[in-house]
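Data block below; observations after.
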Amino acid sequence: MSESTVAPVAPASTATTPATGRPASSYGAAPHDPSKPPVKRQIVCFSFYKVMPEWRRLPAEEREAHKKAFAAVLAKWNKPGEFLSLTYSTTGTRGDVDMCVWSIGYGVDELNEMRSELMSTPLAGYLTTPHNFLAMTKRSQYQIDRPDESESEGRGAIRPGGQKYIFIYPFWKTRPWYLLSMEERKRLMDEHIRVGLAYPRVKLNTTYSFGLDDQEFVVAFETNFPEDFLDLVQQLRETEASLYTLKDFPIFSCVRLSPEEMLNRLG
Amino acid sequence: MSESTVAPVAPASTATTPATGRPASSYGAAPHDPSKPPVKRQIVCFSFYKVMPEWRRLPAEEREAHKKAFAAVLAKWNKPGEFLSLTYSTTGTRGDVDMCVWSIGYGVDELNEMRSELMSTPLAGYLTTPHNFLAMTKRSQYQIDRPDESESEGRGAIRPGGQKYIFIYPFWKTRPWYLLSMEERKRLMDEHIRVGLAYPRVKLNTTYSFGLDDQEFVVAFETNFPEDFLDLVQQLRETEASLYTLKDFPIFSCVRLSPEEMLNRLG
Amino acid sequence: MSESTVAPVAPASTATTPATGRPASSYGAAPHDPSKPPVKRQIVCFSFYKVMPEWRRLPAEEREAHKKAFAAVLAKWNKPGEFLSLTYSTTGTRGDVDMCVWSIGYGVDELNEMRSELMSTPLAGYLTTPHNFLAMTKRSQYQIDRPDESESEGRGAIRPGGQKYIFIYPFWKTRPWYLLSMEERKRLMDEHIRVGLAYPRVKLNTTYSFGLDDQEFVVAFETNFPEDFLDLVQQLRETEASLYTLKDFPIFSCVRLSPEEMLNRLG
Amino acid sequence: MSESTVAPVAPASTATTPATGRPASSYGAAPHDPSKPPVKRQIVCFSFYKVMPEWRRLPAEEREAHKKAFAAVLAKWNKPGEFLSLTYSTTGTRGDVDMCVWSIGYGVDELNEMRSELMSTPLAGYLTTPHNFLAMTKRSQYQIDRPDESESEGRGAIRPGGQKYIFIYPFWKTRPWYLLSMEERKRLMDEHIRVGLAYPRVKLNTTYSFGLDDQEFVVAFETNFPEDFLDLVQQLRETEASLYTLKDFPIFSCVRLSPEEMLNRLG
Amino acid sequence: MSESTVAPVAPASTATTPATGRPASSYGAAPHDPSKPPVKRQIVCFSFYKVMPEWRRLPAEEREAHKKAFAAVLAKWNKPGEFLSLTYSTTGTRGDVDMCVWSIGYGVDELNEMRSELMSTPLAGYLTTPHNFLAMTKRSQYQIDRPDESESEGRGAIRPGGQKYIFIYPFWKTRPWYLLSMEERKRLMDEHIRVGLAYPRVKLNTTYSFGLDDQEFVVAFETNFPEDFLDLVQQLRETEASLYTLKDFPIFSCVRLSPEEMLNRLG
């Protein structure tokens, strides 16, 4: 498991040196230090959409036009360095949702405006949003510049969407966790991390939702090997830290596709 | 965190001198003293609306007319000193609701009548209300006079809506909390308050729902800095008082907009 | 708090002498004594209705006709001494329901028939019933005779609907409560009652649902002063008996209106 | 309470001699003995239907035709000795369902086919099934022969539907219950049974759902006296066995009616 | 109970020698060994569909065409050795779903594509998916070759669908289970297994969902004798391992039918 969560206490090179540079805890409540200089933090949103069955009764050409308009908004808001959206299909992996739009930007109002434009397309006349997770990074974590830009620009940042699958879920720790001493939490997370290191083909992204949404964290695991992720999660059940998990579902298995492909999987 | 909750035991100047004048507990059950003279208490209601997808299939001009009629009712009920409504968009931040109308007045029947008028507009033919929180202040807490009126009129009261974002959630404490001694509760809240004071850009409003609605409290945090609020909530997890939280969701991240802008974000 | 719950062990004059004649516990499981002569017990039902948004798209005259037909059934079933219905609006106080019909009669089949007639009106083509609470009194508790009849007819009974607001919720006690000794339960309820007596403007009605519906009790508090009820409920949290509450929601704040007014508040 | 649950250890005459022949526990997990000869066990299904409000907008003659076709399927499947259905109205007693079809037969596939025929009637174009409980008897428990047949045919079996009301709910015991010794369970159930014997006008039917449906048991109480059932359930709260109840709702109060009457109560 | 779960530690001949070759625990978290050579693991998906009542209002010929198109996709994706689907009716056994498609293949993207084709048929304009369970085997567990192929091809694999009924449910163990020593877990599972062996007519299939879906496991029991399965589950309640079950529902009783028969049972 390659860990790229960046808590304020982690050095900038965390993502490239996971074994030494990673934070003590991937889900821990790092002690807040308001005296630190502000960092440019990102707003992250995972929106899960479901098409109403009625949409599938429309003529094929009308559905095509709906898809085009929806994809056009996604394309318009693809602003290197400012706003990025990744698209996934959940057809067949979940019964309650059909697709996921994962957006990364720098402002809640900007996200509000972008989602409002998606909701102004004709497809939105047949869409519901059964799940929507709002979160922030602890600092700019994802590299959302153009792919052809210098690697050095994104040092320490993740380029999201590079794997075939993503597994997303909201996460809550129990309240007693937060009253453990920092040493005890570190001990528990060290065991947790040792398990993760055995699965280098799984990449973890952690974002924070305290006060912004129902959950405490949103975690997203990218991999080309679902079986690795299954085995990792099963093995993590045997760590002591697992006792401090309050809730870790719903879990969304998502297939990375272009906006057009994602929309075509709607039917 | 600037605390402006006004419990009966707090002096009138609470809002302007948070460090010394604030009540012992922001969520505590202040011992009731029915011998005290009655104060003019406010009725507070947070209504969260969702438009049905079908609405988005209507012709643009019809949707415009719907928005106008809805905004007209909001304008009609904007009665300085008597009834005030604030409007927020939740498009993109929540999947289950699209907008929030926060109303403050002096009577449940008045609120009932006002909401009935909103429900008589044509937009209401396409609206559901997935969440609605009814509450009261412990005394007149919000300043709802005209902005141009004397500051002295509103001494000790909050002028709501002055920040870009509001974070709203219902709140329940565990029953054992209420059986702690007042000294113990004060000790726990003092720690809670110390954390809050480190975030002066976050303004807390607490209202009371005991017996009026499912929750015990509705809390609303206004700020221009979502990251401050996230860090504050995360840090509060490490206080001992946090163990006495029974439930503190759903959490609504809301963008402050004029009624017209809010309605335009519907799509 | 004026207590008028009438358990089998209470004397007939309970309602008029609350301090001395009230039963030991308002929510307690009074030991059943099947050897006692049967009393005429009442069937009580609180039906909460929601109109579908589609109804609000109908022409005004059609909606008027719907309201008239619904009110006509309510009027037809207003049978002094046999069947009574009270009507309330919840527009603005709840998001999930719009109005409440509280009916009191003497038979489940009679209630079934009456509700069937309501469901045969055209308004029912646009109604759902998100909440419905069925209960019984322990004996004839409510006075449902004509208002002009002799007071002596209704001795010990409550004339419901005399206050501006009613607060209704289903209620469950924890199972350990029922295994406490009667003395211990009495001690706990005595404290509970002392708190209630400080709020004489709040009138409590308790009905029993064991085996008839999901909840154990349905409690309904009538008052003209919502703030009194809020303060009462908040203060009751500090009683020891409060620890034995399993669930006490959803809570419905309802505005007492005539059938016609209630229906007009639908929009 | 007349007990007619028939567990494998009970003699055939249980139903007629409740005090002596009843099994040790009405809800207990009787130790399975696979060496015993197979008995003819019955499949039992309680289907609760709700009509969509749209149905009530149809012309009266169309609704009449719908009712007729639905009743015809019920009549066709009334096969003495093979398959029996009983019909109940829940209009007014529940908000989520309108009617109940209780079927008793000998095969899951037969039930599947019968319900499929009900779903092929035009009324099914407006029906949902919010609750459906599948269960089995431990042996042939209900007498479903023609009423005019010899009593001796049905020895030890119950003729269901003979009372005006039925109260139905799914039931789960806590896991610790199942690890109590058989002696301890017997002691707890003896107390439970003593309470039940005080209510001879209430008849209990217990069926088993382990592995077939979400609940462990479905219990159905038939009586002409709802107040007896209410008092019985309230009094059972004070038994020690009550502490081992995990969940015992939703509870359905149902009025016994002919298929035609039940359908007429839909509106 | 014939156990055919194949965990990585089990020899290939597990299915044919359950008593000696079976893994220590059917639901246990077998310690992961990432050094082992990769095995060809299967993706398993149980999709439960519900037709909207509106579908039943369509002309019979239109519904026939819908069924044909749906069945054609199922037939097209019946690819021996690559992808297999089994079909079941739940009409009458569940209120929330009408049918189940159980698919077994080798890739999440393949499943996504197949389900997308099902959702492109006209029936999908009237379908919802209230439940959908995604899982994997620990290695190729099911034999999905042509029935006429050599038995030796499928050594150690299960040929699914050979029984009249299947009982499916998601399953979660409590977190403390995973911290028991392997010896203790083995002791508890040995008791569990002894009970299962008394029911040889029930065949258990276990699949793993850790991280892929909300549940930890999906278990599916195939049998021609529902009463055996009921008795087995009831008896398992008395094992100590049962205390470590966190959740084991919803439970789906399904009738094995050809695609055409399953679709005909929709009405």
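Brief remarks on what is shown
Note that the chains take the letters A, B, C, D and E in the order they are written out, and that residue 1 is the start of every chain.
Here is the rule we go by: contacts are C-beta pairs under 8 Å (C-beta built on N, C-alpha and C of every residue); 3 or more make two chains touch, one makes a residue touch a chain.
Note that the coordinates shown come from a computational prediction; the quantities given were computed from them, not determined experimentally.
Note on connectivity: the fewest chain-to-chain touch steps from chain B to chain E number 2. In terms of the stated touch criterion, the partners common to chain A and chain D are E, listed by label. Chain D and chain E touch with mostly distinct residues; of the residue numbers seen at this interface, under half occur in both copies.
A straight line joining the Cα centres of chain C and chain D is 29 Å long. Computed from the mean C-alpha positions, the centre of chain A lies at a distance of 48 Å from the centre of chain C.
Listed for chain B are no residues, as none touches two or more other chains. Taken as a graph of touching chains, this assembly forms a single closed ring in which every chain touches exactly two others.
Within the complex formed with chain E, the residues of chain D that make contact are 29, 31-32, 34, 38, 41, 43, 45, 47-48, 52, 108-109, 111-116, 119-122, 124-132, 134, 136, 175-176, 178-179, 208-214, 216.
Partner chain A is touched in their complex by these residues of chain B: 53-57, 89-96, 164-165, 167, 198-199, 221, 226-227, 229-235, 237-238, 240, 242-243, 245, 249-251, 253, 255, 264-267.
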